[in-house]
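Heads up, the next two complexes both have chain A, just with different partners, chain B and then chain C.
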Partner chain A sequence: MTAGPSPIRRVIAVLAAALVAVVFISMQSSPLGGSVWEQIWLSTFGTGLGTTSVLQLAMPILFAGLAAAVCQRTGMWNIGIPGQMIMGAWTATWVAYHLSGVPQAPLVLAMMAAGVIGGGLWMLLPALARVYLGVSEIIGTLLLNFVAIQWLIYWTGGPWANTNQNGGGTLIAKPLPAQATLPQFTIGSTTIGLALLIGVALAVVLAAVYRYTQFGYRSALAESGDELVRYAGISVWRTRLVTLVLSGGIAGLGGVLLVLDQLHVLSTSLTADNSGYVGIVAAALAGNALLGVVPSALLFGFLAAIGSALQIMDVSGEIVTLLTGLVLIIACINVGKPRFLARRSSARGTSPPSAPAPEPAPTLDEVAK
Partner chain B sequence: MTVLQAALATAVLAGTPLLYAALGEMMGEKVGLLNIGLEGMMLMGAVVGFIVAIKTDSLVLGLLAGGAAGTVFTLVAYTFPVVVLRSEQGVVGFAVWFIGVGLSAIIGTHWTSRSLESGFGNVNLPLLDKIPFVGKILFEQPWPVYAGVLLAIFVAWGLGSTRHGMNMRAIGEDPDAAHAMGINVPFWQVFYSGVSGFLCGVGGAVLTLAITLNWNSEVTAGRGWIALALVIFAGWRPLALVWASFGFGACLMLAPFGQAHGWAIPSPFLSMIPYVFTFVVLVIRTWYARRSGRPSLEPAALGVTFVRERR
Partner chain C sequence: MSPATPDNGVGTVPGGASSPPGTAALELTGIVKSFGSQRALDGVNFELRGGEVHTLLGENGAGKTTLMNIASGMLRADAGSIAVDGKKVSIPTPAVAMSYGIGMVHQHYRLVERLTVAENLAIGWHETPRVVSRGALVDWAAEVCDRYGLQVEPRAAVDTLSAGERQRVAIVRALSRGARILILDEPTALLTPHEADALFENVRRMAGEGHGVVFISHKLREVMEISDRISVLRGGQLVATLARADAEVRELARMTVATDVPDVPVERASKSGRPILVATGASVGDHDEGRLHEIDLEIREHEVLGVAGVSGNGQVQLAELLTGTCEHDSGTVTQFEGGEAVNPTKGVGHIPEHHSQGLALAASLEFNAVLRSITKPPLRRGLVISRRRLRTAARELVDRAGLKKLQVQRPAGTLSGGQMQRLLVHRELDAGSRLLVAVHPTRGLDVAATNHVQMELLAARDRGVAVVLISEDLDEVLEMSDRIVVLYEGRIAGELARPEFDRNRLGLLMGGAA
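And then the complex of A and B:
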C-alpha cells in the first residue's frame, strides 16, 4: 500500500461515511430528550472542552497510526498495537513505582523509555516468529493482545490493585507518583497536551527518517521482498525485524503517553476506546504516509468524540466502530483503476504489499542460502 | 459422570463454534480467499441467531438465521469488494471485522439483558454413549456438535475425493490454470465465501444458543481469530480441524473450570491460556512443517486477487 488510496478516494470515503453517520444519527432519538446534533456539536468543536477532548482522543490514535504505518511500509501488519500499548504502559508504571522519588523530567523520560522498551519487547515475539519461521504476523500480533489484556487485568486487580478506589467495571492500579504528568498548554479555552505535540514531532522525525536515511530506503525496498532486493545486499529479514520492533516501540510509547497525559494511572480503560485498532485504519486512510497520519488521526479523534457524545445521549455509540470499518473499506476498495489496466509485471508478482504476503515469507534460512 | 468427563464434554461443546468457523474459513481459503474478518462474521451470526431464537422461540430457526446473516453480511462486506471489485483481501477482511463488531453491537443494543431459558438439549446417541469414559464426553452432546463433525467429514470427502473438490483446490493453487480448465473462478469464489459466511454465522449462533445463552458485544472474545489460526494449525485438513477445535475448546474452558474448582492460579492467567497456546502451537507447527519438509496444503494462491483479463 505504498501509494495508498488516491486523495479523491479518501475524500469520498470520508464523505460516504459521514452520510451514513448523518442518516443513522437522524434516525436516533435520545431517550433523555434534547437534540443529538446539539450534543455532538458541544462535545466536539463547538466548545473549548469539546475541542480538547477531540485532541485527547486523537493522541493515542496518532501513535497507533504511526506504528501501523511504519509496519505497512515494509509490507507487514501490526494488529497487536493495543497489546503493545498495554505492555508499554505496564513497564512504565513498574519503573515509576520504583523511581517514585525522582523529579518530574527524568521520571517522565525514564517512563517513556520504558514504554518504548516494553512495547518493543512485546512485539519481539511475534516479530521473530514472523521473520524466522513465517508465522503470520497478523495472527501472532493479534493473539498477544488478548494475553496483554489479561496481564493488565491481573496487575490492576491483583498485586497493584488500588483498594481505595472503586472504578465500577474498570480496574485501577495504585496511583503513580504525583510528578508523573505531562504539561498541558492552554490556548483560549482549548487545552493541548504535550503528548500530542510529541506525537506530531515523532511523525515529522519518522517521515524524515524514511525520506532521507538508508534505513528508510531499505525498508521501502524490503516491502516488495523481491529477489532483486536481496541481491542488492539488503537484508530483508533484518529490515523487517527492526521495523516490527520499532512499530511495537512506537505503540508502547503511545500507551505510556496515554497514562501520563490522560489516565494518570494504569487502568483497564487503557484500551477501552480501541484506539490501537482505529490507528490502523487511520494509517490506511493516510495511505501510510507518516505525516498524513496526523490529520487522519485528528479525523478519527473527531469520530471518537462523536461516539462519546452519542453515549452521553444514551444512543448506541457503536456506530463509530461501524463507520471506522466503512471508511476503511470505501477508501481501499478498488473502483477507479481496475487492476488489469496496470502494467503486467506489477499486476502479477507484486500483489499489494499490505495484503498478507501471498509469497512465503523470506526467512533466515532462505536468505542465508 | 465424573468431574473430568463433564469438563471434557464442555470442552467439546466449547470447541464447536470454532469448528464451524474454521471449516468455513478453510473452504474459503481453498478457493484462494483469505478472510481475516471471521470475528465480525461470527458476531453477526451470534446476534441475529440469538434475536431470532428468542422472537420465534425456535433454536433451529435461530441457528439458520445466524447462518443466513453471516452469509449476507459476508457477501456484501467481503465478497463484493474482494471478488467483484478486486480489492486487497487483508484490508477488506480487517474492515469486515470492524463493521461486524459495530453492526452486531447496534443490532443487539436492546438484547443484552435478555437470555434464553434453555439452549440446545443433549441428544444421546444410542449404543455409542455406552462406550466407557469417552461415550459420555463425545456422544451426549447437542446435535449441532454432531452436525459439525459430520460436516467436517463431508468436507474432507468432498475436497479430497470428488472432482468438484479437486476443481476447488485447483482454484486455490492456481486460479489461472483453473480458469484455463474451464472452471468459473469468480463464481466459485463467491459461492464458497458465502458458504464460509454461513458457517461462521452458524458458529456464532451455536455460541449464543448452546453455550452462553445470552448476548453481549464481546461474546466471541477472539474466537474468530483463534479459528483463523486453527486453519493453519490443522494444515488445511478438515478432519484435523475436528480434534484441533475440541482441543482449543478445552483451553477456552480452563478459566471457568479453574475458577469453579478454586485453583490457586489467578484467573487472568487461566484466561490467557487459549491465546498463548494458539500462538505457541502455531509457532511449533510452522517450525515442524519446515523441518519435516512435508508439502504444505496451504493454497499457493491464497490471498492473490484473480483477474481474468490479466491472462
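And then the complex of A and C:
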C-alpha cells in the first residue's frame, strides 16, 4: 500500500538531488589541499573502513525509518523518534548497571528488551492522548523530545556522570559492563554490526506483519482516513494505540543498539547525528514501504558518511543537510494538477444531473417570454 | 483595482443605483454548459428585473446553481450570452461579476471562519485600504451592517456565529461591494424556521429598495411565499417561467419532478416479511443542524423500501442510522434476526452517497474489494490473513463487478466513477446479507449498468434481503420500491405503499407542501 510517487520518481529524485550536490561539492575546495572527491570515495565505498562507516551510520537511520514508516502506515506521524531513542538507551543503561554481573547474551537481550519498553512507554503518553483525547500525535511526540534530551543531560551530567571523562560539551555516563556489546562480522576489510542485521530482520518481519495479518489491514484502513473507518464500522483505536507504542519501541530499540554497537556508553552524543529525524525522511523516500526503508537508510548513511568526509577536508558538511532536504522535497512532491487549477472545473454545486429527463419534455419556452 | 471595471462604473458604488423596476437587470440567453459528457445546462434563458425576487426552482442537479455560477463568474458557459442592463458582457471571474453589481451568496457562505465579521467584510476587496486600524475596520463594518439593516456583531469571529448570522455577513459583504443583483443559493437550507422568516423579510426589503434577487430553492412552499416570478429548471432545461399569481403548487411540483411517464411499470408479487430493523423516535444531530427528527420506521425482509426526497434532507444521516455507523441521540433502533433482537453490524451492506466514502482511493483495488470481509473468516484465520484467499476473493469480486480487465494492484482512485460504483455495489451486495442500504446506487452509471444494478437489488430483495433505496431519482424509487417514505427536513413527511404510489403526491411531499 505505498501511496505517493512511483519508485521511478523516487530514484529520479535522488539523482536530481545528487546532481545538485555534485555541483555544490565541486565548487568547494579544501583548505587542506587534495581532492574532495577522492576523500569522499575513501570515506565511503572506496575502502573497507569507509563501507563500515556507511553501514554504521545507516543503522540508527534504519530503526528510526522503520519507526516512522510504521506510524505512517496507520496514517500518523512519529516526530518523537530522537526522544524515544534516548529513553530506550536510558532504560537499557539502567538495566545494564543493575545486571553488571550477567553474561553477554542475556545482558544484551535484557538491554534490548528494556530499550523497546523504554521507547514504547515514552510513546504511551502521546499515544493515549491521541487515541482518547484526539490530541495530535505530531505535537505530543515532538515536544517530548525536548523533555527526553533534558532527562539525558540530567542523568549523564548528574547521577550517572562519568567524572573522569566529562568535558568538551559531551556528557558521558559511567561505563557499561564490558560485556555489554554486540558482535561484529568482518567480511574482507568491511565490518558489519549485528545491530544492522537485526534492523534488516526487523524490516522483513514488519513487512510480513503488515502484509499477512489482520493488524496490517486494519492499519491500512486507518491510513485511508476517518471517513472510511467510520463507513466500514471497524474500530481502529486499538490499532492506532498499538502502532504508536510499537513505533516508540522500535525507536527505543534503535537507541539501545546505537549504544551497544557504536557508542558503548550512554552519552549526549546519542542524538548528535540527527538519525531520529533523518529516519523520517528515509521512510518518506521509501514511500513507507517497510523493506524499502533498508536501501533508503543505506542511502542516508552514505550521505552522512559524505558529510564526515567533507568535515575531514575542513569543508562545510552542511551540504548533506541540504541534500537530505532536497531528496525529501523532490521525492515527496506528487505531480498533479495544482488545486487552484482543478477548482474551477469542479466548483461546488455543479455536479452533473443525476437524473436527466428521460425524454425531451415539451418545452414551455413560450410561457417564459 | 479590479481586473475589469465596467464602463458604466455603477458597480462599485456601495448600495449603488439600481435598475429601474421592471427592466431586465440581468439577462442570460441560450446558456449551455457541459461537464464532460454530461450536459448540465441546455440552452437556458433567464431574465431578472430590478426590484423583483425571481426564484429558480428545480431538483438537485437540475442546473440551478450551475446557471447562477455562470452569472456570478464562478463558471464559464460553453455557449450563450450574458447581458447586464441590456449591455452584453463577459464575466470570467467573480470579481468581474461584482464590478457589474452581481453578488452571489453561496450555500455555505464562503467566509473565513477564523476571522471576525469585520475582517470578512473587508477581506479580498480592492477598496479595502492596505493598512487599516482594527477600530476603524470595526466602525466601518458596523456602519455597513447598519446601512443594510442586517445586524451582526462586527467583532465576533465567524466560527462563533449561527448559520443565519453567517448568511447575513455574506449578504452584507455582497451588498457592501455594490451588488444590485443578489443571488441566494438555497438560502434556507441551513436556517432554522425563525431565521428563514427573518431572511424573507430582508429579501423583501432588498427587493423593495430596487435590488434584483435570484432565489434558488427546491422548497415549494417558500417559493410560493417569496417569489415575484418563478422559473422551473429540470434536467438542465427551462421548463417554464411563471408569475406567482399564475403558479400553483401542484403544477409546480409536477413540473419539477418529471414528465408524465407511466407511473407504475409492473405490478410485482411482493411478500413482505418479518421486520429486521425497527426505529422508534430516533433522532440524530441537534436541531440547528436540522438532521433527523424522531424517525419511526420499520424495515422488513423481502421488501424494497424507497426513500424519496431532495438530497440534504437527512438522507446521509438516515443511511448511517440504519447501518449503525452513527449514534442516535434519542429513540431506539433495534435489529432483528428471526424475530430476535441482534447485534446490528452483521450482514449490513451500505452503498454510500459518494465513492470516496466507501473506498480507500490510494489503496489497491484488491484491498478495496476485500475491505468488508478482511477481518472475518475465511480470509482471516486468527490474526493471520490468507493472501491466497484474499487474492482469489478480490479477483472474483472484481470480475463479477465487470472489471475483468483491471489489475487488482491498481489504486482504486485511478478508476472511473462508474467503475468505482460497480465495485462498491457488488461488494456491498455481498456484505448485505440481511440489510442493504443503497444511497444513489445508480448515480454515474450508464443505462446498461443501471439496469444491472437495479436487477441485482431486486434479486437481493427476492433472496429476502431488506433493501433500503435512498435516491433522488423519483423514477427509480417508483420503479423499484414496494413502499416509499419521503424525507423532508429530517422528518418522514409521508409513507405510501405500492398501490397508492402517486407521483404528484410524492412531488408535493418532497417539496414540503403536503
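Definition applied: the second predicted complex is superposed on the first by the 321 of 369 C-alpha atoms of A that agree within 3 Å, B and C clash if a C-alpha of one lies under 4 Å from a C-alpha of the other, contacts with A are read in each partner's own complex, and residues count from 1 in each chain.
Note that a contact is a pair of C-beta atoms (placed from the backbone, for glycine too) under 8 Å apart; a residue touches a chain by one contact, two chains touch by 3 or more.
Source: prediction; values computed, not measured.
Asker: Taking the superposition on A as described, I'd like to know which of chain B and chain C A:280 touches: first, second, both or neither.
Answerer: The answer is first: A:280 touches chain B but not chain C.
Asker: First (chain B), second (chain C), both or neither: which does A:214 touch?
Answerer: It touches chain C, and chain B stays clear.
Asker: Using the superposition on chain A described above, determine whether A:147 touches chain B (first), chain C (second), both, or neither.
Answerer: first
Asker: Looking at the overlay, what does A:329 touch: chain B (first), chain C (second), both, or neither?
Answerer: Only chain B; A:329 stays clear of chain C.
Asker: Applying the touch criterion given at the start, work out whether A:138 contacts chain B, chain C, both or neither, answering first, second, both or neither.
Answerer: It touches chain B, and chain C stays clear.
Asker: According to the contact criterion defined above, which of chain B and chain C contacts more residues of chain A?
Answerer: Looking at chain A, the partner in contact with more of its residues is B.
Asker: Classify the contacts of A:43 with the two partner chains as first (chain B alone), second (chain C alone), both, or neither.
Answerer: Neither partner.
Asker: Counting contacts the way the document defines them, which residues of chain A are shared by the two interfaces, the one with chain B and the one with chain C?
Answerer: 1, 344, 347-348, 351-352, 354-358, 365
Asker: So in the complex, the part of chain C that touches chain A is made up of which residues?
Answerer: For this pair, the touching residues of chain C are 35-36, 38-40, 45, 47, 59-63, 65-66, 69, 74-75, 106-108, 185, 231, 234-242, 258-259, 261, 323-326, 345, 350, 352, 356-364, 367, 371-372, 374-375, 380, 383-385, 387, 411, 440, 443, 472-476.
Asker: Once bound in the complex, which stretches of chain B touch chain A?
Answerer: The touching residues are 34, 36, 77, 81, 85-92, 94-103, 105-106, 109, 217, 221-222, 225-226, 228-229, 232, 266, 268-269, 271-272, 274-276, 278-279, 282-283, 286-287, 290, 301-305, 307, 309-310.
Asker: In the complex formed with chain B, which residues of chain A make contact?
Answerer: Of all residues in chain A, those touching chain B are 1, 77, 79, 125-126, 129, 133-136, 138-140, 142-144, 146-147, 150-151, 153-154, 157-158, 277, 280-281, 284, 316, 318-326, 328-329, 332-335, 338-340, 344, 347-348, 351-352, 354-358, 365.
Asker: Can you tell me which positions in chain A touch chain C when the two form their complex?
Answerer: Of all residues in chain A, those touching chain C are 1, 3, 211-218, 220-221, 223-225, 227-228, 230-234, 344-345, 347-359, 361, 363-365, 367-369.
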